[in-house]
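I am attaching a structure below and will ask some questions about it afterwards.
Letters are used for the chains, namely A, B and C, taken in the order the chains are written, and counting of residues starts over at 1 for each.
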Amino acid sequence: MGHTISRRGLLQGAAGVAAASTLAGCAMGGDDAEDDAKGETSASNPLGVKEDAPLEVVIFNGGFGEEYAKAHEAMYRQRHPQAEIKHSATQQIAETLQPRFVAGDPPDVVNNSGGSQIDFNGLVSQGALADLGELLDAPSLDDPDTKVRDTLLPGIVDVGSYDGKFLSLNYAYSAYGIWYSQKLFEAKGWAYPRTWDDMIALCKQIKAAGIAPWTYPGKHARYMSWPILAAAGKMGGLDVIKAIDNLEPNAWKHDAVKAAAEAYYQLAVDGYLQPGAEGMDHVQSQTEWCRGKAAFVSCGSWLENEQKAVTPPDFRMAVAPTPSLTTSDKMPYEAFRGTGSEPFVVPSKGKNVRGGLEYLRVMLSRQGAADFTRKVSSLTCVRGSSEGIDLGPGLTSVTGLIDASKGTAFTWLYSSYYRKLERERVDAASAELYAKRITAAQWCDKIQKSADEFAQDPAIKKYKRA
Amino acid sequence: MAVLTRPRSSVPVPSPPRPRSTVPVLSHVFLAGWALLTTLPLLWAVLSSFKSDNEILTDPWSLPSRLRWENWERAWNEAHIGRYFLNSAIVVTGALTLTMLLGAMAAYILARYRFRGARVIYYAFVGGMMFPVFLALVPLFFVVRNLGLLGTLPGLTLVYAAYSLPFTVFFLTAFFRTLPTSVAEAAMVDGCGHFRLFFSVMLPMARPGLVSVGIFTFLFQWNQYVLPIVLMQGEGADKRWVLAQGLTALAVNEGYRGDFSGLFAGMTIAMLPVIAAYLLFHRQFQSGLAAGQLR
Amino acid sequence: MRGTRLFIAVFLIPPLLLYGIFVVSPYAQAFQIAGTDWSGLSPTYDFVGLDNFRRLAEDGYFWNALRHNAWLLLLLPVVTILLGLFLASMISVGGRADRAGVHGVRGSAFYRVVYFFPQVLSVAIVGVLWKEMYAPHTGMINGFLRAAGLDGLAVAWLGDPRFSFWCVMAVMIWMNVGFYVVLFSAAMQSIPRDLYEAALLDGASRLTTLVRLTVPLLWDTIQVAWVYLAIIAIDGFAIVQIITDGGPSSSSDVVGLRLYKAAFADGQFGYASAIGVAMFFLTLTVAAMFLRVTRRDRVEL
């Protein structure tokens, strides 16, 4: 080469680049937030929205698409005709919005969801989210005598609360459980097992019939941590789950967690998992399931919508709770994990916080919620909003599940407090467990070690579940 | 410096002593093997783009039962692959032109003129090759945003060009140094100014180097992934997305909605024009690479 | 001389401005951010000195990712260059040898064209395509293995930590080899043909010719190739993120992905920048080592 780079020269060059003055502004400076737009409060405008303040809404363009949001925006515009609404949708929420949070210029409503949602831990500890408490106490759009709080399904306020402040509205309601095809089960004369022993016995039959009893998304194996935790919670009671949420020492080594992990590990040991599933993502494994290659799959109630394109017409998917592990379980068989999903937040530095709250109030109206259910086939966190809507077989079974549980639905919060703990650590450990590379006891140890790490990391803000 | 200037031998040599008929056969086996490895995945994508979801899921090696252009239609209309392709083409064309012009200017000065600070500037440019782009991502976002260029094609064009400069300057500086000084001196004696000298004498002389660095730069810019994802954001930016984003969005969408055939159709639509363009210009591509052998 | 100075200014200032604004200034800021605990969500931050680097040193996930980059750095250039040289020499001199000398193979133009395809596709397409290729039931690879009766080999490629990283590396090799075949065979064109003929006349085998003659003559080109491939190996982000996202169990993680996740998933921009700075010094070390190793006499003809 005509001119060889000398080492010294390279270092000089690097130093020169590093030392060069900053141009065009500094990343961390950011502008100060402008004053929040506020208007007069009145009976028709209880949140005091400034009528002509523009509203910016950013939607996660995932399984639910963005069309439902446009309907909500139209409703908002009807109420506040002078407001200009900016709508955008993205799959990369974090990449898109993170810099705007820094710049103190976030949108007014954010649907913080999907694979690259912004970590709530950071958002909350930085005070980046507005308290939605005011919204809860505002009258609902449908009935001035009912507070918004009282129109929500139980658990919605808990799952969106951080240290007692309600910061995130989980708009969709998801029931998590084990899914099967009613058509397949009727044709074969199988009944969904209520106890784990029955499950193992049925798996043997299913395998003998030439079908893989279970499939699972090995690339997102956390899906298979859900039945373990649900079963553990049902066996040992909600305190087991709370200990996990509060990062207590040895929470993951509780007998109930161990027993549940052992139970599901048995599926791998006995060869009841579909071969190759460890290399599939959720769509691939769910598609195998839809094609009748496997009998069970663990998922949440968005499954029906997600699989719409590839589900055979008479498949009749249905969800059931995790089978009871013992006869002395603390919760009944009907108990399941039910919780809000699709978090919506109002950034505290937004220019139109009032408008953001009002937008959520519009979403939580009966009309807004029913419209969402109709458009995306998912339940919402609004009580009874699916009444009178023709639901698909999957969602119908979800409403059956909710009714049968008689208020015993529960959930864990560690996955929203400490997103990375579930998305990275539990996910990895579960992948190992179901591939039989570690045992159930090692699974507990591994996750406990990670949980301890999180508990001790000063960079992570801790939350306490009461 | 090794300068390979000897002309190719045209003198016939006596025939080699041993016949080596096995060699060509073996060569062909290996060469054809790799050619298969290269083309099969691409063919597979093209074939799959015509299948129904069910066919894709049932047997990866089956042929489509009929040509389902509706998959292409979906990828074109709903996933907007055509628009993203055009955006990519616009950005890369603009950035490539800018890179070549600015890069050649800087390299020419650094190679041919002596002045104080020349070395520092040269190393500042070349040092840029050492930095992982990631390091700059977040501050870069703000720089672009403060200039009001966020989510715009000109913004992305400028950034592509800026990040291509280190290599271009490095390469072309070396190239300009290899050009004989006598021509330039003769031109100067004839009263040719600096500007004319550059544009009408030096640039044409540097053509092989320019073509060659242009190819590298094109590939660098065409293959960008993380820069557009971070920089093409904001209100309405999805209309100005480039291919990398459009395709990953389609792949993510597949993750949420299970449109396998649409994904393959999108890939095929994105693949075919580049392959076609490459087939048209492959001679220039290859001779460009040959000429650009830095010596 | 005034004219010369003006000329220099006119020619240097635009590129320097572009470079300064979009490249130098962000990098300079990144070094500054590496010393803070900035979360990326608010304009407030504290300077924490070298804390981020201390944390980095203890971060097992970072070291794990770094190990993968080291493997890439070691193997990607070597394998790609060897394959490239091998195929290029077959194209250039693998044909019959006769009275008129040594020939390239028939159809050499075809091979050169086809091999280059993956390069022009853009990395996003390559990533998405191979993710589907490796799919356990619906992918082409397992489909082929099953059709060939090798069901036992049809494993879940990306789901097994023993294979996932190597699968990703294979894709990187796949997409890069063609470029170097073209590059090397172009370089071989400029080697005088009679040198080969003389070598073969002397009874040297083709392999010896490759090692003794071609490699030394192409040494400069090989160095350039090594530099490009090393840059790809230190990055590796796009392919890994698309195909495996680092999994399963971080078995295919790379440093670039660590940085990206620290920044955009965990909101730890200070820490992410520290990873970036570490990557920078890694690159610098590699370059220094490279310069030392390759200091070798050039072949003059």
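Worth a mention:
Criterion: contacts are C-beta pairs under 8 Å (C-beta built on N, C-alpha and C of every residue); 3 or more make two chains touch, one makes a residue touch a chain.
None of the values given here were measured: they were computed from a predicted structure.
Chain contacts in this assembly form a complete graph, since each chain touches every other chain. Two chain pairs are in question, A-B and B-C; the one with more C-beta pairs in contact is B-C.
For the pair chain A and chain C, the distance between C-alpha centroids works out to 37 Å. Averaging Cα coordinates per chain places chain A and chain B 40 Å apart. Mean C-alpha position of chain B lies 15 Å from that of chain C. Chain A has residues 1, 5, 10, 14, 17, 20, 23-24, 26-27, 95, 99, 102-103 in contact with two or more other chains. Among the residues of chain C, those in touch with two or more other chains are 21, 23-27, 29, 33, 40, 137-138, 142, 220, 224, 263, 280, 284, 287. Counting partners per residue, chain B has 1, 57, 124-125, 128, 130-131, 138-139, 143, 147, 294-295 as the residues that reach two or more other chains.
Those residues of chain C that touch chain A in the shared complex are 20-21, 23-29, 31-33, 36-45, 55, 134-138, 142, 154-161, 220, 223-224, 244-245, 247-250, 263-268, 271, 280, 284, 287-288, 291-292.
Residues of chain C touching chain B in their complex: 3-5, 7-8, 11-12, 14-16, 18-19, 21-27, 29-30, 33, 40, 83, 86-87, 90-91, 94-102, 105-107, 110-125, 128-133, 137-140, 142-144, 147, 174, 177-179, 182-183, 186-187, 189-194, 197-198, 200-201, 203, 206, 217, 220-221, 224, 231, 234-235, 237-238, 242, 256, 259-260, 263, 269, 272-273, 276-277, 279-280, 283-284, 287, 298-301. By the touch criterion stated above, chain A contacts chain B in their complex at residues 1-3, 5, 9-10, 12-14, 16-17, 20, 23-27, 62-63, 86, 88-92, 95-96, 99, 102-103, 115, 281-283, 286-287, 291, 306-310.
Interface residues of chain A, counted against chain C in their complex, comprise 1, 4-7, 10-11, 14, 17-24, 26-30, 94-95, 98-99, 101-104, 116, 118-119, 121-123, 125-128, 218-219, 221, 276-280, 284, 288, 293, 419-420, 423-424, 427-429, 431-432, 435, 437, 459. Residues of chain B that touch chain A in their complex: 1, 53-54, 57, 119-120, 122-128, 130-131, 138-139, 141-143, 145-147, 173-175, 177-178, 229-230, 233-238, 249, 252-259, 294-295.
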